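Letters are used for the chains, namely A, B, C and D, taken in the order the chains are written, and counting of residues starts over at 1 for each.
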Amino acid sequence: MTSSASIVEVSGLQKRFGNHVAVDDVTFTVPEGGSVGIVGESGSGKTTIARMLVGLEVPTAGTIRVGGRDRMPHASVAERRRRARELQIVFQDPYSTLDPRQTVDSCLDEVLRLHRPELNRKGRLSRMNDLADMVGFDSRQRRALPRRLSGGQRQRVAIARALAVEPSAIILDESVSALDLSIQAQILNLLAEIRSETSIAYILISHDLAVIRQLTDTCVVMQHGRVLEVGETGAVLDNPQSEYTKLLRSCVPGPGWHPTRLRNIFPGGS
Amino acid sequence: MTALNTPIAPARVLRTIRPIPGLDVVGHVAVLLVILFACLAAFGPLIAPHDPNAVNLSLSYGGSDTEHPIGYDQQGRDIFSRLLHGARSSFLGPLIIVAAASTAGMTLAIVGAWRKGWIDATLAGILDSSLAFPGLLLAVMVVAIVGPGIQSTVIALSIAYTPYMARIVRSAAITEISKDYVAAARVQGFSALTICVRHVIPNIMPIVLGQAVLTVAWATVDIAGLSYLGLGIQPPAADWGIMLANGQTGVLQGYPMEAVSAGLCLIIAICSFSLLGERISRRGEAIAA
Amino acid sequence: MGRFLARRIIICVLTVAGASFVIFASLYLAPGDPISFLTAGRPSSPELRAALAAQYHLDDPFLHRYLQWITDAFQGNFGESIARRRPVLDLIFANLPTTILLVIMTLILVVVVGVLFGGIAAFRRGPIDDGIMAAMTVSLATPAFVSSIFLISVFAVGLGWFPVFGPGTDIGDRIHHLVLPAVALTIAWWPVIGETARASMREEHEREHVETARSRGLTPQHIVRRHVFRNAAIPISTVIGLSFAGLVAGTAIVESAFQLNGLGSLLITSVTGRDFPVAQAVALLLVTVFAVTNVVVDLLYAALDPRVQTSWSRK
Amino acid sequence: MSLLSIKDLKVSLPVDKERRVVLRGIDLELEAGESVAIVGESGSGKSMTARAIARLLPRRAVVSGSILFDGRQVLDLKDAALRRFQAAEMAMIFQDPRVHLNPVRTIGDFLVEGLVNTRGSSKKAAEHKVIELLDEVGIPDGTRRLRQYPHELSGGLLQRVMIAAALASEPRLLLADEPSTALDVSTQSDVMAIIDDLCKSRGMALMFITHDLELAAAICDRTAVMYAGQIVEVQGSTDLVEHPRHPYSAGLLGAKPNVSRRVQRLNAIPGRPRAAFEVQNGCAFSDRCRFASEECIASEPTLKHEPGGAVRCFRADDLILNATEGAVL
């Protein structure tokens, strides 16, 4: 154990797809119960990092330590189940995140059967009630198939499904960016509540600086697979160091803001 | 005749049957016809009024009468009874072919789609190239080696239809496996087998089923064609393909009833299977999207 | 593009090699020893047995036999027909013209009828579309041997417009003889093209880029010609290519139904007559044609779709 | 006279066997050279409004009301007259340029076909003109770009190509349907700046569809907020962001996280956005509104015109709404 206070430690992480380097030499840590944001535009490699953390992609180089243990590729089923209790993920697209044939309850039940085998029917039911309360579901919605649920409700189910495993940290991969503004606010509030209640850690991946500000303590700014800047979220956004972070920050509309033409960032622009 | 009335249930039973939601009128007709043909394949030989192989040369090309609604073929056999017997031999082969090809194709496709990498690439390559080789040709080559007969053609066509099945299932499985809920289940620690059996297969089942019903149609064409060419089922068995081959002589002499009746049976059967299969597939795709 | 072409050709060669090996090895899968299988119980002279042993290099090791056979085959030496005592190549050449002419006539008919009616169905919603769809379903469900018999019954026996059987003599006569067979094959295959044409044109017409074109006030004719047809040509030509193999296999059935001297009927008679060298040669020829067709389809696809070109040239 | 005058525009679309209302009566004026933003969440009908003006509604849509463009009734235009209106008077830019360009035709084909097909320009003259336009939208190497295919260009460049195509016909009205939403943050600002510059320098009227009130305020003179197929508030953009009059506008402003400071809790609007066809009696927003009274649930408010704008709320005069803190009484 290097540092007992961090739940995720990533160092020198690299991922190549053929000749293309999607993630290059990325290092960061997530403290227990902390909240880390990864910011970047499309092609920055932020989603690839998320997929490597949960074992959906195999890193080309570098190490991922979760809970003090190295994550080697090709784990046994038992090992993958243990890892599941460390790190869970909520994806972006509310429409493919649930099995269309599964009701909310049966989706949660399936997870509880796997991860809480000691619970009987009654125990699982009471746990499901807790989870449903936490994400704000009534009993009618819990018997519904995903196609009867709105985008925001589906994301709530995905969050409940991740929480059912009782992980130490949840990766939120653009989990609120496909939602309407009024729904996005509900989910952001929900996530903040959950964190204050359970001391779970978040790794929030987003292109939206305002969302990063609202939900994270520290953040990592990425471009073209590389880390440009790491620091306390408020400091990074209020006083950005790298040119790229400055550019991102200057592109967010707000009072008195006006868009500017940025010919210089395009190779073709004069 | 009772034989004609049997598949049509009494009105009391009819009233208890509800329309299938989301299926149009044509689809319902197709379902009824498919059920009718299934009944014919199962009970046709039992309800046939005459021996399909009872030869009576004096009745050669005899016209219809009350006992023999379609008349007689060249050898004076009752065409109607031969049609009823033919239903079984015309559908049994295709059914076995579809069962075999669906099972093999689905297994190959899902393993490929799940494992990705070189296994899938090799599989995709083989599937793509095998598409260029019609099942008919493979069946003909197998017959060249082991001789004519229904077993050899069924085996050959089962192999030939496997890549078609696998290709459709593979693309459906790839779409399904790429969905986030499958990734979520992997992150949850479910085994590949559990995810495939509980989530992936049930979700692509409508597409598989639709393709299977369509394949019944095409396999029926191929089996009948092979029998027509003299490579499949052998005379004097009552089979629609054989009846067409025999009937061709009758056509030239101005007695088309045998060929026309067997041909119409084939067309209606193939139509109903393809209409039904198409509708199931379309529904499956709509659900998957 | 060059690398893509090379890869496709390698796959093509591998396919032909694999298929030819299976075709060759199938002789040894047959029950009994090869010579008696080949002679199939015919009274066989020692000379014939010796000729067969030489033709199949039966005294050599197995792989060597295959290499010899395939080299011979590509030099045009397929041995001799057992039933007809003529070189196989002569038989193939004698039967080739009918099949080629039949395939060309059918292909033209299938493409013209399929694209025409598919296109009409795509743009004329309502009863016209319904009617064409119904026609396609019934037509697709009519096997070529069934439509052959119906056509013979009506147009040859009944009306006497076309000859019943046979291939004809000069070119005009040959075409006349091949009209009914080509129509029979077209009945089975035009719906395949027609359905693709209808679906792809409709799909393209609903695409967002067509919405852009409409928002710019372009004429409907211009939109259909430059955007819908052009884009739908990609799936349509792919399906034409894929149908080609099935269509060629289908010639076996109509050639038999109309008693034409084509490659397909040669294959069938050699199989029923247990003339194995002929069956092997025709099968090998067909497999090669299909594999080459596959390459042509891929090239066509690359030529029509600029996205494919760049993704391949990058690879 | 306004350049564009929309009166009681209603649209319904066929869904399965029933008809679904998507617009429940839109009233909006747009002066020549003016820019107005239409802001709303998904299903509010903001895109439908733009499509109704461009006459791009689905085939079986039923439309009523009036859209006058320069005094002419757009809804009555047919065939050649309609195409002349689309080709010469207006232009539209869409959310995702990648799907709105034909993937198998070159950029050059796309840019030139409009001029050649609807203006009768020669191909050469058209090419010359579009190369100049490309330069104006920040693509200097136009000659090379004309030979490229859409998949060879980035989303930001494609959207500029779309803008250049829109400019080619020198329209008086530009309809921009979320033109920057599908783009990266940095490209987004750039594309908006180009649209803003060109509309101002050419005196083009702009209707800008977006879900972002602050982006709307940065670009447009006026902002209209839509909810459930109706306009609920129109005001000068800056006024609307600072002093929203409708609880929904205030709710949208309060729900948006702020990049320069973190708040304890976002003022989320409860429930989910209603679609136009789901609206029963009463105010469409009443089931989500903190201030809903019995009157709001019983009957439907009308769009009340007042100095500087209009608002559709019974309680607009009782409420003092604050943008940053959300709504307070």
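Here, contacts are C-beta pairs under 8 Å (C-beta built on N, C-alpha and C of every residue); 3 or more make two chains touch, one makes a residue touch a chain.
It should be emphasised that the depicted structure is a prediction, and the values quoted were computed from it without experimental measurement.
Chemist: I need the common contact partners of subunit B and subunit C, sorted by label.
Modeler: Touching subunit B and subunit C alike: no chains returned.
Chemist: With chain centres set to the mean of the C-alpha atoms, which chain is at the far end from subunit A?
Modeler: Following the centroid criterion, the farthest chain would be C.
Chemist: Where are there more C-beta contacts: A-B or C-D?
Modeler: C-D
Chemist: I'd like the Å distance between the centres of subunit A and subunit B, where a centre is the mean of that chain's Cα atoms.
Modeler: For subunit A versus subunit B, the centre distance works out to 49 Å.
Chemist: Based only on mean CA positions, could you tell me how far subunit C sits from subunit D in angstrom?
Modeler: Chain centroid spacing, subunit C to subunit D, equals 54 Å.
Chemist: Classify the inter-chain contact topology: is it line, ring, star, complete, or other?
Modeler: Per interface graph, the chains form a ring.
Chemist: By the touch definition up top, name every chain pair that qualifies.
Modeler: A-B, A-D, B-C, C-D
Chemist: Which residues of subunit B touch subunit C once you look at their complex with the stated criterion?
Modeler: 125, 128-129, 131-134, 136-137, 140-141, 143-146, 148, 217, 221, 224-225, 228-231, 241, 244, 247-248, 251-252, 254, 256, 259-260, 263, 266-268, 270-271, 274-275
Chemist: Given the complex with subunit A, which residues does subunit B contribute to the contact?
Modeler: Spelled out, the residues of subunit B in touch with subunit A are 179-181, 183-184, 186-191, 198-199, 202-203, 287.
Chemist: Using the touch definition up top, name the residues of subunit C that touch subunit D in the complex.
Modeler: 207-209, 211-219, 222, 226-227, 230-231, 234, 304-307, 310
Chemist: Where on subunit D is subunit C touching in the complex?
Modeler: Interface residues on subunit D, with respect to subunit C: 54, 56, 82-88, 91-92, 94, 96, 99-105, 109, 113-114, 117-118, 149, 151-152, 162, 165, 169.
Chemist: With touch defined as at the start, can you tell me which subunit C residues reach subunit B in the complex?
Modeler: So the residues of subunit C in touch with subunit B come to 11, 15, 19, 23, 26-27, 29-31, 137-138, 140-146, 149-150, 152-153, 157, 164, 242, 245-246, 248-250, 252-253, 256-257, 267-268, 270-272, 274, 276, 279, 283, 286-287, 290-291, 293-294.
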